[in-house]
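All remarks here apply to the structure that follows.
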Amino acid sequence: MQINGVEIEDTFAEAFGIQVSRLLVTAATKKLAKIAATEATGYGTSVIGCPAEAGIDCYVPPEETPDGRPGYIIMICNMNKDKLDHELLERVGMCILTAATTAVFDAMDDADEKMKTGQKLKFFGDGYEKKLEVAGKTVFSIPLMSGDFLIEGELGIKSGVAGGNIFILAENQAAGLLAAEVAVDAIENVKGTITPFPGGIVASGSKVGSNKYKFLGASTNEKMCVTLKDEVEDTEIPADVNGVYEIVIDGEDEESVKAAMKAAIEAATTVPGVLKISAGNFGGNLGAYKIALHDLF
Amino acid sequence: MQINGVEIEDTFAEAFGIQVSRLLVTAATKKLAKIAATEATGYGTSVIGCPAEAGIDCYVPPEETPDGRPGYIIMICNMNKDKLDHELLERVGMCILTAATTAVFDAMDDADEKMKTGQKLKFFGDGYEKKLEVAGKTVFSIPLMSGDFLIEGELGIKSGVAGGNIFILAENQAAGLLAAEVAVDAIENVKGTITPFPGGIVASGSKVGSNKYKFLGASTNEKMCVTLKDEVEDTEIPADVNGVYEIVIDGEDEESVKAAMKAAIEAATTVPGVLKISAGNFGGNLGAYKIALHDLF
Amino acid sequence: MQINGVEIEDTFAEAFGIQVSRLLVTAATKKLAKIAATEATGYGTSVIGCPAEAGIDCYVPPEETPDGRPGYIIMICNMNKDKLDHELLERVGMCILTAATTAVFDAMDDADEKMKTGQKLKFFGDGYEKKLEVAGKTVFSIPLMSGDFLIEGELGIKSGVAGGNIFILAENQAAGLLAAEVAVDAIENVKGTITPFPGGIVASGSKVGSNKYKFLGASTNEKMCVTLKDEVEDTEIPADVNGVYEIVIDGEDEESVKAAMKAAIEAATTVPGVLKISAGNFGGNLGAYKIALHDLF
Amino acid sequence: MQINGVEIEDTFAEAFGIQVSRLLVTAATKKLAKIAATEATGYGTSVIGCPAEAGIDCYVPPEETPDGRPGYIIMICNMNKDKLDHELLERVGMCILTAATTAVFDAMDDADEKMKTGQKLKFFGDGYEKKLEVAGKTVFSIPLMSGDFLIEGELGIKSGVAGGNIFILAENQAAGLLAAEVAVDAIENVKGTITPFPGGIVASGSKVGSNKYKFLGASTNEKMCVTLKDEVEDTEIPADVNGVYEIVIDGEDEESVKAAMKAAIEAATTVPGVLKISAGNFGGNLGAYKIALHDLF
């Protein structure tokens, strides 16, 4: 199969179940909302080593938010509900409550369950907290030095999908990188998804375990390393490929992850120098979701 | 005492010992270096709830870096050396190694000790890693999908200072916020310091424990809350103050923290509507450092 | 009248007829499109001294543009059609055609007239230009060093409105400035409008002519200067006002300018320290449009 | 000659004399200074079609500016002194004076001559302007709605150099573009230079006149167009080159332009996929300066 003249490999992305939260962070200005959203979603590329997977889903203009202020929807994810509960509490409490002029609202439709983040954080008010209604939502107002922080009592979570992905194989690093940026721009508008890695782009790929170091749980996937293609016998890097980047997508459901993968492929393949699109999987036995690239079109 | 016509309260900031690392993140472009530095220092406002305190110290132009590429110096801090070791490994491994085109170099002069971050991360290369010299430094080259990631074998840490701070009391929230932004801009150029909160600005203040909820370790400092000044009897908010923001500073030593506090006060007091500068302390019994505001001048 | 507890003065903004163009600038990435859009709309605050009034209207995601790439809609305006024709040619030719990976499409619905910007610029191709269809639009492809630049043959213009405005009177400069930023964020989503001044905010106000210097066509409006309120007898600055900022709005029609003024007032009045909203006029004899603030609500 | 393994063509950049101004724009915050500097230097890529060539030279931290606030140095250039005088007046008057919290200082060392920009703009104060000393400089304070605008009375200009340049020939557009961005980052730290095109990068190249359209003063340089390499007989594009970008540099003197060209070449040649560096000239008869690439090293 070809899209925009680029070969789409007949393979699949192997994705995993994950618990997903989705919250709206508003502030007095777009810039202040972005600062808080960025801090709260940092150190959140992969649960392999980070305490959560997190990112910004989209901007929401003032006229569409409960408090009439500009905001960003962020998603914070973890395989484990208790850990997600903890991460919500700390990321909201330490990175949003502490940020200038912010408020937090639930933005998860069809939640499976509610985390009591706001109901717990309200105790920080030490008795001075108040229960309010804002646009039909139950929120708590917590007095701070600079003014009052508002947070909805409960934040919805649901079973979502982590690790949707595409690989971009290009004739050099620059073409791979530009195509990856183009793909991330395209995903930005797919609601309910994030690309949790730095700038949305992944420079490294890993395999389970290690051939040489038995104490390692994961190590570089040498078959996909462009600088090893002449050294590794069973390399999967074609001779003309010198740059490979991956886009990893987390989403609130399989449909949104598929939509993001499709948008990413359609966008990345417009960049000259992109030679092939592939995807990462572990043979199909680890993840609950197998998203075949050819089925997206 | 007055600076720029603004009263500087005769009080002190109470600061704490912390283990500090300082590393240089370079990349092909300034923008790519910023993306990696931002991801690696996110979720890092305070060790009360975050796994580290972290931030960007400064930009370093290409002609001053070991690999001739643009970079940002970041600082990652934790009270506990083992935890700092862990945070370095994960924040570098998950947020910088995975980012496009990056490399990492030690940027801590006069280190007390070295963390073996690079020597540990090299194993990810699964035998394909190589030892190189770059500008007289021992670095490891780890093959990734997109190319090779370079990291210096050891990253220095030293005993530094956390929690240096000033309070900005202003006639409204906007004046406090503008003064805080002005102060953060001034601190940017004080080498060896970071302002770890979102945008460098803290909207909330806390006291140890809680009057009402005995299960809490910390709660809002009601005496410093502007919206409670009519309600709390022993409020410390003057009648004409309606906005209070704090700047928190971590630094590689007491001198750099003092320099940052001084620069912050001189800058913040130029903003009309700023009525008073104060500082936060816990009576002086908790922290190892007492930095008196009047001694800065 | 009060909005959010802030007095709205019973006055009107005096606005002027202007010829307005509206074009979509796309590029490979959102960032590249923003760079071109920013360059092309610079030096474009007011036709009093700039060769055009210009600004960015809004972002358009890839799935909504003719070439499937991210883009920004910009507006370029001048009272005089010939001058607007010239500005389109030069701003597009020098600032967009020369920018990396860009294309230009007409984005003016209901145009009164078409400027032949693309049909003129195509000659730069020196015979190598080609006529194409993209999404049903007639575009010209012009070969450049880096690849081909695409531009729609004709760009629509229409009679629009310049100089819609509100004044924000605040207790200090910071509150005025924050309110102005809040207002600009709110206007961003009113389609068909721009705020052509730097960051959307105007720090100065002028009156026609000068009392002291007869050779001047315009001079500072001393009655509205906060630092002159004790010096100028007929000052219009209330005693408690120490910061005044103006938002100037250009739009494709009176309705869009009114919608932007309304959104700006509703947003600005949420900022504590804002004491009054007014508007600028010249007595009503100069401009074709008188937009009464009270009629907006 | 090769630099970083990339061929440097034995050719020269042909550059022109131009009148250069260099001014410092400060503001309350780094962000506000950047907004004003960006607006004032927009629509300023080339005097062929823009009223000036303009750009940001560098950031200056608060402790190094006359008024202790953050600032950006900008350069505004024109071949003609009277036109430069006009551009200074309008770009400062319309785009900086009108911007929030700004001030303007001369930043040109060794000026040949002084433009009376501040002494003319002061009349806008209509008699309320004041003459002050700031850090030993004579400045005028002009009352505005939002506060007072400060500008140094005279701004220095000197005979500088326009049109220093390098061409980056790459195997695809992405590699050329990344190398161009890398080069622009490297030039940022060469004081006294700007890269006036959008993002510092030029996508198009022109020749004098036109083969086909006699009414044209300039047209695309078809010999350097990558998409025409199979069509144009005397193409100068090697078979393996598919992306060409140019960096154009204006500087306060020949030395600074040479330093910028050297830094740009050293940086661009580190990007994989860059195949050759060249430069643009018109045979050597038009410009006063011939900067040979090989002489830079």
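When the chains are written out, they are named A, B, C and D in that same order, and each has its own residue count from 1.
In this section, a contact is a pair of C-beta atoms (placed from the backbone, for glycine too) under 8 Å apart; a residue touches a chain by one contact, two chains touch by 3 or more.
These numbers were taken from a predicted model, which means no experiment stands behind them.
Minimum number of contact steps separating chain B from chain C: 1.
With respect to chain B, maximal separation of chain centres occurs for C (centres as means of Cα atoms). Ranking C-D and B-D by contacting C-beta pairs places C-D first.
Comparing the residue numbers each copy contributes, chain A and chain B share more than half of them at their mutual interface. Between chain B and chain D, the centres computed from C-alpha atoms are 35 Å apart. Averaging Cα coordinates per chain places chain C and chain D 25 Å apart. Residues of chain D in contact with at least two other chains: 173, 176-178, 243, 271.
Across the interface of their complex, chain D is touched by residues 32, 35-36, 38-46, 48-51, 54, 89-91, 93-102, 123-128, 142-149, 167, 173, 176-177, 180, 197-199, 201-206, 210-213, 216, 218-222, 224-228, 231-232, 243-246 of chain C.
Chain C makes touch with chain B in their complex at residues 31, 170-175, 177-179, 242-243, 271-273. Interface residues of chain D, counted against chain B in their complex, comprise 28-31, 61-63, 68-70, 178, 181-182, 185-186, 188-189, 263, 266-267, 270-271.
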